[in-house]
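You will see subunit A twice below: alongside subunit B first, and alongside subunit C after that.
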Partner chain A sequence: MSRLELPAIDATRAGLVLFVASIAFLYSPIFIRPPSGTFVFLELAVLFLLYALILIGLNLQFGHTGLVNFGPVAFFAVGGYAAAILTANDPYRAVGLGFAWPVGLVAGVLAAVALGVLLGFSTLKLRDDFLAIVTLAVAEIIHGLTITFRDITGGSIGLQNVPRPIADMTGGGGGAELFATIVVLGSVCLLAYGVFHRLSASPYGRVLRAIRADEQVTETLGKRVFRYKLVVFIYGAAIGGLAGALLVFYNGAASASFFTIDVTVIVWIGMLIGGAGSDRGVLGGLALIMGFQLLTRFFNDLLPFVTQDQFASIRLVLVGLLLMLVVKYRPEGIWGTAEELEVES
Partner chain B sequence: MTLLAVDSLHRSFGSLVAVDDVSFEIEPGEVVGMIGPNGAGKTTTFNCVSGVLDSDAGTVTFDGEDVTNVPAYELARNGLVRTFQQTRELSTMTVEANVLLPTPAHPGERAWHAITRSEASQQREREAREQAMELLDVFDIRSKADEYAGTLSGGQRKLLELARALMLDPTMLMLDEPFAGVNPTLTTELVAHLESLNDDGLTLLIIEHELETLTDLVDRLIVLTDGRVLASGTPAEVTSNEEVIDAYLGN
Partner chain C sequence: MALPLAQELIFGLVIGSYIALGAIGFTLVYGLVNMINFAHGEFITIGAFVGYLAVVFGGVSLPVALVVALGVAAVTGWAIARLTFEPMNDAGAVPLLLMSIGLGLVLRNGMRAIAGPDRRNVPVAVTTYRFDDLGFFVTSNQLFIIGVTLFVVLVLHLFLSRTMVGISMRATADNERLALVSGIDTRQIRNAVWLAASGLAGVAGVMLAVSQSANPSVGFGQLLLIITAAILGGAGSPYGAVAGSYLLGVGIAVSVAFLPADIVALSSTMAFAILIVVLLVRPGGIANTEVRTS
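And then the complex of A and B:
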């Protein structure tokens, strides 16, 4: 169980090919309309793919380099709002500049990168735990700002009329859009996984793991530790921003409720359950935790006397229990390597 | 030309003056020992010279260049490599990865080469692996190449650190108590390794507590007490120096 065995195809190449194919699929008149009973799964799959993007960045930051980023949702939110504000047409009580969606996509990534540069430069030279505190705080501040500055962000009502490029390019309505979204996001995700895995599996990744193990030794062996930490932090920020932009282009809206601390919690738990530092394992962990949430949702339907709110808290307790079990009996995570994470199992 | 020149180095921690006006010079090809009681400032001197700590005042010149407070990675790349008093193997990485890590000028450590798996990167990795295996052979830990460094014995860790430092192809090695906690057999072995490295032109500066190990190995000794250079000279000169006997050898 120490390794999640998948066929030995190169994810980067496969991702590229699939991405091109998915764009061709979008431009073609063909569409696939899945049965409506599957929508609940497909919607969750979209969310999984977006969270997976954030997690791919987080795993490079924490799993490989040891950077404790407790605010991945901050980059997700900044990417999402930047994309939404730049592209929305006539949003209800918010700012919408009406640019074409590619402008918003690029802006979303750049805005998240800018935040990454700012936080990276100001904290990565300080003691390790500063990053954890600062990222956690910044994520909460950003969440607060999106609610307070409602003339710009639409507050808790959100920012409507954001373009939905994938839906617009897909004929056939509802389910077909969902299917096309999954095809496109799936290929983007595979490509991102492939690229980040190439980074982590190369001499580059060796430097990152050395930094995680002992920064000072790594520095005295000739590596520019701060540069690596900064760049890795920015890569994570960029992919988080990309995920945020993709989310608003899928939803056609941005709202503070998409960008809560729950996102941070889910990707962190997915990473720890799957095994930090295992590129495939963390995605397996995310799938497990999101599958678990879906499962409990069905249970909720079976128990009509429990309200949704009550059930949400029960679910949180169950997720906490699951994490405790893993930490106790398999601290390296299901697919992680104990020796690499310095835990006794 | 002098290889390493340390001039009037100062470093304090709050009110404690750990290094107080330390000056010394090391010529190419020399083996120099640095001795002194606990807390004399030996490690702090190393830290300031190697860029791990910033000094408060004084200059460090290496290979004709002023390298005072130059970042540690730059010194390592320029041929001045140090080890730490406590063994600092990267226990979460394999022995091989530990030795491969310092490989200088590795294109694969740049993102673009890593992502494209460039030929230059793969070529460099092959060369580096060959060199790493040779070093592991020399230090007799090749059979451990694929094990996590955390599984090595204390002595093997010392060997690994030395092998790792040599991957940088240094002009000068600064070793902080390389024989501490090493059994006598392995100490003899380590000394032999160091002597043969010195024969090949490597300059050595070695901190040590046990004077016996050093007297045979070194050309010269520098004695530190209370952050100051108390004496300096050949082992015979130093061990007969009254002040040194009083301050250090006497007890």
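And then the complex of A and C:
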């Protein structure tokens, strides 16, 4: 037993170490100011990390357990708004309670969990495609509520003056906070990936995949299918709420335009392209689809005769086409395995 | 004597009419192809644009435009379905659903890229019939929309109950395998369903173009209402879809009239809430259809 055993590099541990390091980095007077030409990419990277958090939860729900959740943005929005309403100081025409940001962070996660419990208890017994409709409708209801109750949420103008803890703790300014945000969010993401990957690789994850393959057989084996589904649904809700809270603390504002159905579309397409059920693959898929959007943004400048509005439409046509091609020709995605998903390629 | 509800009832019947035409198609596809078609709204939009083009550039009257839109939307919808959904018919409910979402994105934004986001009004002569002592008015457009829908429902009923294709359709919806071994060519039935569903969507599109406007998201805007109506009536049941649509239409119109303005802004939100409650309490809807576990 004297042989030195090197622990395999594990995402959970790496994430923890990186997280502690990033907090130390925040408290230290050191800052790194990236060149201003890279801001476009860095801002996209922040968004990628936030969407990746949602996707990690969604992949556990759909990729591993087969729950068709078409409303991940609902939990993202509820987390974001709960955090913003509790922490905003004197927002413009909205409710802001001015608590410290950790209160908002916890409340964001709890609010999303509460929605997850409510929704999970009531809907997880429906069949796949009905669950899709209900979750989609809930996301639309929440979007509608944020617009309607503008005295509370600020409507389409949104809630301003939300604290920005990462930016406040970083000296320097001029992009330094952007870099710090990426470091912190990156470590959170890595940690979340590690935890969820451990979960899905464990015997627990095998039960989830059994549920995806056949609920009745799994039930016969003595597994409480409904409870597994509910818990998985809540895990996804919690991490979506966390992402929402982190988004408003990064932006210093919450607005209905951050939480549209586009978030659901991007995250889902990223998951399907990468290969639902493959923990690393889905993140690769998300990177591909977001990179594709960035790339097409540059193309627009090359085609002056196409208006911006037309170009936005064409981009969505291409995204839709990509989705159709993936569903048709490679239903297991780029990095997924066909046998595991039980699809015919 | 003024009838306080009469005016809202008329508005409700109009809303219910175009939802009904959309919902019948949606529910037929759901029952026979066993898929939730998120691109159904785009078939409606196609009808709206065809109707607009026929009236404005073709110079035809509204009834002719309706027939043109019915034909064009039916053939287009059928061709699209043949290319996209038919080859993966056995893949299951969720892949088909995802396919329809991709198709919806492509069609909606494709039309937007070509036609632009503008709202185009269809110019039609409108006569208003006033019944002031009874406290309501009705326009020739509204009568036309309600009348056409009732006519279509009647034709649909005769088709489903009196023709061989209609009866085979009901048999296939009930039990596809049994229908197949009984000698029904279920592929032909699916073709007929796509033709009927997208044709009806085309008619609904013309009605929406007349009562609102033709624009690239006109159909998509109605989609969740259509799904709600179809599920409220009992997914897969055309008669239930009609009942669900009128119930929803009248419900929306009456709530707009009697609830305070703040809540009215919630009317579409309320429709989704109704949808969820129906699915939870009585997933079979009004017709209490059997909800198959795919």
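Here, the second predicted complex is superposed on the first by the 335 of 345 C-alpha atoms of A that agree within 3 Å, B and C clash if a C-alpha of one lies under 4 Å from a C-alpha of the other, contacts with A are read in each partner's own complex, and residues count from 1 in each chain.
Definition applied: contacts are C-beta pairs under 8 Å (C-beta built on N, C-alpha and C of every residue); 3 or more make two chains touch, one makes a residue touch a chain.
Note that the structure is a prediction, hence the values are computed from the model and not measured.
Undergrad: So in the superposed three-chain picture, is A:97 touching just subunit B, just subunit C, both, or none of them (first/second/both/neither)?
TA: A:97: touches no partner chain.
Undergrad: For A:231, select first, second, both or neither according to whether it touches subunit B, subunit C, the two together, or no partner.
TA: first
Undergrad: With both complexes superposed on chain A, which partner does A:145 reach: first (subunit B), second (subunit C), both or neither?
TA: Touch status of A:145: second partner only.
Undergrad: For A:313, select first, second, both or neither according to whether it touches subunit B, subunit C, the two together, or no partner.
TA: second
Undergrad: Between subunit B and subunit C, pick out the one touching the greater number of residues of subunit A.
TA: It is C that touches the greater number of subunit A residues.
Undergrad: Please work out whether A:214 is in contact with subunit B alone, subunit C alone, both, or neither, and reply first, second, both or neither.
TA: Touch partner of A:214: subunit B, not subunit C.
Undergrad: Based on the superposed arrangement, let me know which partner A:203 touches: subunit B (first), subunit C (second), both, or neither?
TA: first
Undergrad: Tell me the contact category for A:157 with respect to subunit B and subunit C: first, second, both or neither.
TA: The answer is neither, since A:157 touches no partner chain.
Undergrad: On subunit A, which stretch or stretches are contacted by subunit B in one complex as well as by subunit C in the other?
TA: On subunit A, the subunit B and subunit C contacts do not overlap at all.
Undergrad: Hey, which residues of subunit A end up touching subunit C in the complex?
TA: Touch residues, subunit A against subunit C: 68, 122-123, 126-130, 132-134, 136-138, 140-141, 144-145, 147-148, 265, 268, 272, 309-310, 312-314, 316-317, 319-324, 327-328, 331, 343-344.
Undergrad: Can you list the subunit C residues touching subunit A in their complex?
TA: For subunit C paired with subunit A, touching residues are 35-36, 84, 87-88, 91, 93-95, 97-99, 101-106, 108-110, 112-113, 116-117, 224, 227, 231, 262, 265-266, 268-269, 272-273, 275-276, 279-280, 283, 291-294.
Undergrad: For subunit B, which residues count as touching subunit A in their complex?
TA: Per the stated touch rule, the residues are 50-52, 71-73, 76-77, 81-82, 84, 88, 90-93, 97, 100-104, 106, 108-111, 113-115, 117, 121, 124-125, 148, 150, 164-165, 167-168.
Undergrad: Show me the residue ranges of subunit A that touch subunit B in the complex, using the header's touch definition.
TA: Listed in rising order, the residues are 12, 195, 198-199, 202-207, 209-210, 212-214, 216-225, 231, 235, 339-342.
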